[in-house]
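What follows is chain A paired twice: with chain B in the first complex and chain C in the second.
Right, the complex of A and B next:
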């Protein structure tokens, strides 16, 4: 389980996170939702220690993040994390060289699922294909937790559909996923838990199943209620 | 350790194309320089002998014999050395900043590798060191090559043949690159390596605290320089002629070790606790 406990983060005078707490379980898809600038990406960066926090605690399976944790958790940011001059095959080789949890077989499977040519250079890829390569590099790791920051950002509808398919496939099965997205329609039916953020606070944290079954509402209905009130 | 070596290999390969260009420029320029300078000498000598109809002795008295020293004084010889030094100085900053800026966000990947983050720092420093030694080695190999070109072009009566040692000791700048004793070699390159580590730490300050980090980085740099020259200041102003040269050297070594240790410790702390993407 990923536990984010009372995390505060300040950039200069601006307090971006004012005591954010939530948990994300293994085998569940947790979605962080909020308008631009509420600190979604900062939370993601903080979980994988790419941004230091001012106070609070982040635990992954009860432990603070350490170098070995990167064999257990992976982060897929909204930009490619490989060098543009690399070919896809070079990027895969890099991952294989450095990560024990890299699963070459799964990488090949994702490659054919996304219909990517591994000889192609990253710099020459379209935005949609760049996002797919980014997903490939994260999903082909045998990790327990996957963090995805805006995986649908700025890509065409067909690529979005293809990426959304990943969430129902065995590639995600049994793993804990934390995702931030504005394109909630694409994955609303797939997510298990929602954390609604506003101005550095968690406004509401709820299970989508409970909301659907008990109140007959969709995630978007709850968002309207919370944000428009 | 294994991942550190892989990182060094990776970092080295990222710079390989520019590095090969630098080597190519050095080889081409220095051979060309030897040919052009020798040719110029031959033209001048021919002018004295066949246009002004001087005797060989009079011409030699006026023009003197040419040696490899004259070639080392040309821009063809010193130019590529300067280009290599400037490129490596710029690369010392570029090796970090390129991972944050531009189209890629490779720093995400580097910081999320399942290895101690300080290995990234060590890998980048090792890469710079390897590049310096590589270029110095190429330069050392180019000396006999240039000398051979001179020997091919200039008749023996018109030139002075120098040994490699004579070439090195005849030119102060080359003495910096190729110290004459192992002791000096260690001093020159250890100071160079310490400077690289201090600059890296200053860069990490900037990357951790942005604008404030520039100030912290400059303070850290000034502090490191102060520690390093402290024994010399003591000797010069506080306790004149107090230390024997060997004692002063030992104190400088200790000061250097303190600077290097401080840089590594601070960088490790910044990479673990303060760095941000």
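Right, the complex of A and C next:
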């Protein structure tokens, strides 16, 4: 389980996270939702210690992040971090050289799942395919937790569908997933849990099936209530 | 297989409903093997935990059964199968009655119309 406990973060004078708490279970897909600029990416960065926090605590399976944690958790940013002149195969080699938990077999499987040609240069890829390569590089790691920042943003509908398919496949298996998004439409049925954020606070944290069962509401119904009140 | 889910009912209940329809219409036969939880999640584009939940409920309701590590199958229990059929028929009739009742039509007129439409449908 990933536990985010009362995390506060300031950039200069601006307090971006004002005491954020939530949990994300292994074997579940947790979705951080918020209109742009509410600190979603900052939270993701904080979980993998890419940005230091001012106060609070983040625990991964009960432990604070340490060197070994990087074999346990991976962060897929919203844009690819590989150099444009690299071919897909070079990016895969790079990952293999740097991470013990890189799983070559799974990487090949994802390549064919996404129908990508590994000789292709990153600079020449479409937006959708760039997003897929970016996902591939994260998903092919043998880790327990995967964080994805806006995996669906700015890509065509068919790529979105293909990426959504990943969530129902064995590629995710029993791993814990946290994704951020500002658009919930096509993924309502794919996620277990929602954390609604607003300007540095968690407004509401709920299970999607429970809210449907107990209150007869869709995720968007709850968002309307919470954000427009 | 493609199912349109609504966003306000629990997905696992909608999945069970989908199976009941398939059973009642004979598209799923007694004793027939069904997809694994993972395959179902993939086909219906739903969360694997939800597929798991639906299967668990269906097992508790006796709609499906699993022997050891084999794939799950549709029940062969006549009582359960008949109950599914009856449940769906009753539900459909109830919703029809509710909407027709609101319009205030005499029953005899409705029944004649139902008969006529039903016979036309069978000829299609």
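Heads up, the rule we're going with is that the second predicted complex is superposed on the first by the 229 of 229 C-alpha atoms of A that agree within 3 Å, B and C clash if a C-alpha of one lies under 4 Å from a C-alpha of the other, contacts with A are read in each partner's own complex, and residues count from 1 in each chain.
In this text, contacts are C-beta pairs under 8 Å (C-beta built on N, C-alpha and C of every residue); 3 or more make two chains touch, one makes a residue touch a chain.
The structure displayed is predicted, hence computed values, not measured ones.
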Request  = In the overlay, answer first, second, both or neither for which of chain B and chain C A:68 touches.
outcome  = first
Query = Looking at the overlay, does A:35 come into contact with chain B only (first), chain C only (second), both, or neither?
reply = neither
Inquiry  = Just checking: does A:221 make contact with chain B only, chain C only, both, or neither of them? Give me first, second, both or neither.
reply    = second
Task = Check the residue A:82 against both partner chains and state whether it touches chain B (first), chain C (second), both, or neither.
result = first
Message = Touch test for A:157: chain B only (first), chain C only (second), both, or neither?
response = neither
Inquiry  = Is A:168 touching anything from chain B or chain C once the two structures are fitted on A? First, second, both or neither.
reply    = second
Chain A residues contacted in one complex by chain B, in the other by chain C = none
Note = chain A residues touching chain C in their complex are 27-29, 164-165, 167-170, 172, 188-192, 209, 212-213, 216-221
Ask   = Hey, which residues of chain C end up touching chain A in the complex?
value = 5, 7-13, 38, 41-42, 45-50, 53
Request  = Could you pull out which chain A residues touch chain B in their complex?
outcome  = 45, 48-52, 67-71, 74-75, 77, 79-84, 94, 97-100, 123
Remark   = Per the touch rule, the chain B residues reaching chain A in their complex are 3, 6, 10, 14, 102-106, 108-109, 111-117, 273-277
